[in-house]
Amino acid sequence: MLTVNLCGKTLKNPVICASGTFGYGSEYADMLDLSKLGGISSKGLTLVPKYGNEGQRLAETASGIINSIGLQNPGVEHFIAHELPDMLKMDTCILANLGGAGIEDYEKGAELLDATDVHMIELNISCPNVKAGGIAYGVKSESAKEVVSRVRKCTTKPLIVKLSPQAENLVDMALTCQDAGADGLSLVNTFTAMAIDLEKRKPIFNNVYAGLSGPAIKPIALRMVHQVCKAVQVPVVGLGGIASGRDALEFIMAGATAIQVGTANFIKPDITMDIITQMQQWCDKNGVKSLDEIRGIV
Amino acid sequence: MLTVNLCGKTLKNPVICASGTFGYGSEYADMLDLSKLGGISSKGLTLVPKYGNEGQRLAETASGIINSIGLQNPGVEHFIAHELPDMLKMDTCILANLGGAGIEDYEKGAELLDATDVHMIELNISCPNVKAGGIAYGVKSESAKEVVSRVRKCTTKPLIVKLSPQAENLVDMALTCQDAGADGLSLVNTFTAMAIDLEKRKPIFNNVYAGLSGPAIKPIALRMVHQVCKAVQVPVVGLGGIASGRDALEFIMAGATAIQVGTANFIKPDITMDIITQMQQWCDKNGVKSLDEIRGIV
Amino acid sequence: MAITYQKALITANEQMTDTVFLLKAQWSAPTQPGQFFMLRTWDKAPLLSRPISVHNWENGIVEFLYEVRGTGTDLLSQAKAGDFIELTGALGKGFPVENISGKVAVVSGGIGIAPLYYVVRALVQKGCTVDFYCGFRDKPYGLEKFEALCSNVYLATDSGNYGVKGFVTDLLQPEGYDAVLTCGPEIMMEKIAHKAMAAGTAVYVSKESHMACGIGACLACTCKTKGGPKSVCKDGPVFKGEDIYADC
Amino acid sequence: MAITYQKALITANEQMTDTVFLLKAQWSAPTQPGQFFMLRTWDKAPLLSRPISVHNWENGIVEFLYEVRGTGTDLLSQAKAGDFIELTGALGKGFPVENISGKVAVVSGGIGIAPLYYVVRALVQKGCTVDFYCGFRDKPYGLEKFEALCSNVYLATDSGNYGVKGFVTDLLQPEGYDAVLTCGPEIMMEKIAHKAMAAGTAVYVSKESHMACGIGACLACTCKTKGGPKSVCKDGPVFKGEDIYADC
């Protein structure tokens, strides 16, 4: 009943674990049955291995967290050799979340991934925690156009472009990415935010700014997903603060094909199982036989 | 010790009650000594009285609220005749928060206010809840330029322009308003957000979108205030989710001259008194004799 | 009376039914029938305090009768005698007891019963004859106190397991009453008000709305009245039927 | 051992000092000395669970010794026997008890004492001789249990009201020990590690970091080690001194 078709691939349900919050899946394997998930998006990958950011990487806020991980990852090749094979055994849809330090990196990364059995590529042009290659491409539509259309040429896999809430004109950005060849869009990535250590009289993060996620941002993320869904033809994966089946269904009603759960995994490691059950129960109670009946109804 | 100078006026402390959350001050008079406040910004005023929006006007979110009041107010003339005289007796800095349905309305409103004893005008070009005259001017710098420079000609009072977090390019917007004659800037107004009633399968608000405020948005608001303070010369009034003395001090360290408290007034009606005391205590404990020592230190 | 915000000692928080509780707290300042308080027994989440009517106020104790509907009322139900509760109040304009006399019908639907006990007490005290009409989904609660004061208690339930099966709106014949007072679901109050107005009987309704401040500052709770926009929290929650349901 | 997330029954939550509490909960699966759990006794706020080390694990009861520092630990301190606590664990790599033998110095600073009791127990059990060095700001707590197991207990306090006035780092002479184990403020551990490494004594430190997931998924707790970036939560919290303080 909850099955959805995302860019030609059938997902058991619309609940995907969001990049950077679910490792490579295996970390959670003891605590939930990964094959019950709709999908898993890998930690953000870059062509070259990255240590990520120095200093404190996490701060808690009212109903949210700010992170400054900075795309720590072992590099695309290591991922393909070591993490991906295990992920592909998890019997769920696997998305490789791909970042880059420049367009060529994105291209090479996409080419490498294209040669694997990964199910989809989620192109991250929206990480606020890296200077080059992250959000730099996610603010102005013209920059996004360039990177998306060039990556598009490097892979025949379904290509989902992950948008930033900092896009100057989000709807224009979404349309631009669609026109540049994206098969789908996911939004939102984190909001650029800040925290200050009063006693030290300094920013908490070495980079000064970092990314806010969690239930705090849900109302804004939902609005953005709604705006984008009204404008584009390609499927949209909605995320930002989803922590319950009701939250997830709001995004579906706003038009999302699937949803992702990020920060909420830290509230309860098997919260995705609750979310799936709650969605199921709501549909049962309300006589909804397929999510298609309510998708975009609002 | 907490006194600050805002656009030439000395405030007892930097704590101003934010527009729309504190009525015209008198509503709170039973519960706190209004003369202890740094200032009060009136409910958003328009030239013509407004009923505001139909339907549900409020929804609660994780650490925030979404409001769709829609600038309900009795009109500038009624304000000047009935509410302002009482406000001016409150022995605190009074800001008239001015909205408009079009540039002429802003101009006429400003002219009328200019002829009163109100201390400052806070020009609201950032209300997400009205179609004309609200956020319409707050997204693109060019539109803001027009309205600010024209209102500037209508008054010699200190003119503070209240910015929207939805500005396409916030720093550019801030610079534009400064150059167009603003004596100060206040930010942020609410974030455009959405809530859905699952059972009704409809948006909660008649206008579909409405404005998110409260502690949830603080980390983003703080980042925006920091960005703007680094760029402009005029004083900045920081707000968005401030609910404690520590929150307030973070905004001061980010560069704000004064701060406003909005949604937090609904947590505890005299929370502003706590905030002032907490700021005082922190300064005492940390040997800070004047906020000038820490303003913009981060 | 001045509105105050203060911590009050909870003296009891009794469970009346599966979902309904009666909380008592120390509150010495006078409150009027139909007024309400903003309540809070939690720190930061949920953000807003919750509006609950005065169920009774006697001997320096204010009582709140409430139904658990969501997060806030659930937290409220977990408070224990000896805990403190943050109260802002007393708020709003209650029933105009001073203007009511003679034979009065008081009509409740579900938890709408909450504000009506205190007003029945006040009416009986000033010499009114009160008939109480109440509707419940199934098992009624808290009726003994009404039975002790009212001339008649008429009961309707959706289930038919108690009293008459059907709607309380059908039980009431407003003719012959000097006034009708009601609190309950919006649709019920509207029906009662229409009936009373058609019969020429004065009618007062106690309205609900989503509230943030409770004191007239935020304009979240505005409703349309004959006299223009009014705040449910400050100008109400009790309104004259004709002011709200103007089309009759 | 598999990591599990489950609700556990709290059997006690005793106040040890003004700010330190000892919470006990049922947990039948084995835990290793130096491991920790993510704890949570609240619903939504604060968002994250809190990492707390295993103070002891015996007879199906896991014990947590914790200091109230902020919102989370404050809420923890309000839990009562009979309440449930959400636990994710046991997490991380603890002290390599199997590789340690002979004469061991265990050094704590403040609440850093928390993970050290369980490891002292394990070391003594396998035949080690343990000296315990501890530093406190002022009044010490929980030492009886260490006195019962250790050959010597050396105490330093900032105030000088108990034991020697000064830093525990000054008390320790690592020469003559086969291993040094330590937990406490970062600066203390660094000093102890340097001293031990200079003396050629094996040293193990239990590190802290801000954590979101506790299981190696979020990469919030990464620290630099000789072997590259490691997650404090998964690859630690216990590390060999030379892996962390590589410049010695």
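By written order: A, B, C and D. Residues from 1 in each chain.
Note that in this section a residue touches a chain if its C-beta (ideal position, glycine included) is under 8 Å from a C-beta of that chain, and two chains touch if they have at least 3 such contacts.
Worth saying up front: this structure is predicted, and the values here are computed from it rather than measured.
Steps from chain A to chain C, minimised over paths through touching chains, total 2.
Placing every chain at the mean of its C-alpha atoms, the farthest one from chain B is found to be D. Annotation: 47 Å between the Cα-based centres of chain B and chain D.
Distance from the chain C centre to the chain D centre is 55 Å, each centre being the mean of its Cα atoms.
Rounded to a whole number, the gap between the C-alpha centres of chain B and chain C is 35 angstrom. Computed centre separation for the pair chain A/chain B is 34 angstrom, with centres defined by C-alpha atoms. In chain D, the residues that reach two or more other chains under the touch definition are 44-45. Chain contacts: chain B has residues 62-64, 214-215 touching two or more partner chains. If you draw each protein chain as a dot and join the dots that touch, you get one closed loop, with every dot joined to exactly two others. Each chain pair that touches appears in this list: A-B, A-D, B-C, C-D. On the chain C side of its complex with chain D, the touching residues are 43-45. Residues of chain D that touch chain A in their complex: 2-5, 44-49, 86, 88, 210-213, 215-222, 224, 229, 234. Chain B meets chain A in the complex at residues 61-64, 66, 168-169, 191-196, 198-199, 201-203, 208-209, 212, 214-220, 222-223, 226, 241, 243, 246, 249-250, 253-254, 282, 286, 294, 297-298.
Residues of chain A that touch chain D in their complex: 20-23, 27-28, 30-31, 43, 51-52, 56-60, 62-65, 67, 69, 72, 214-215, 263, 265-270.
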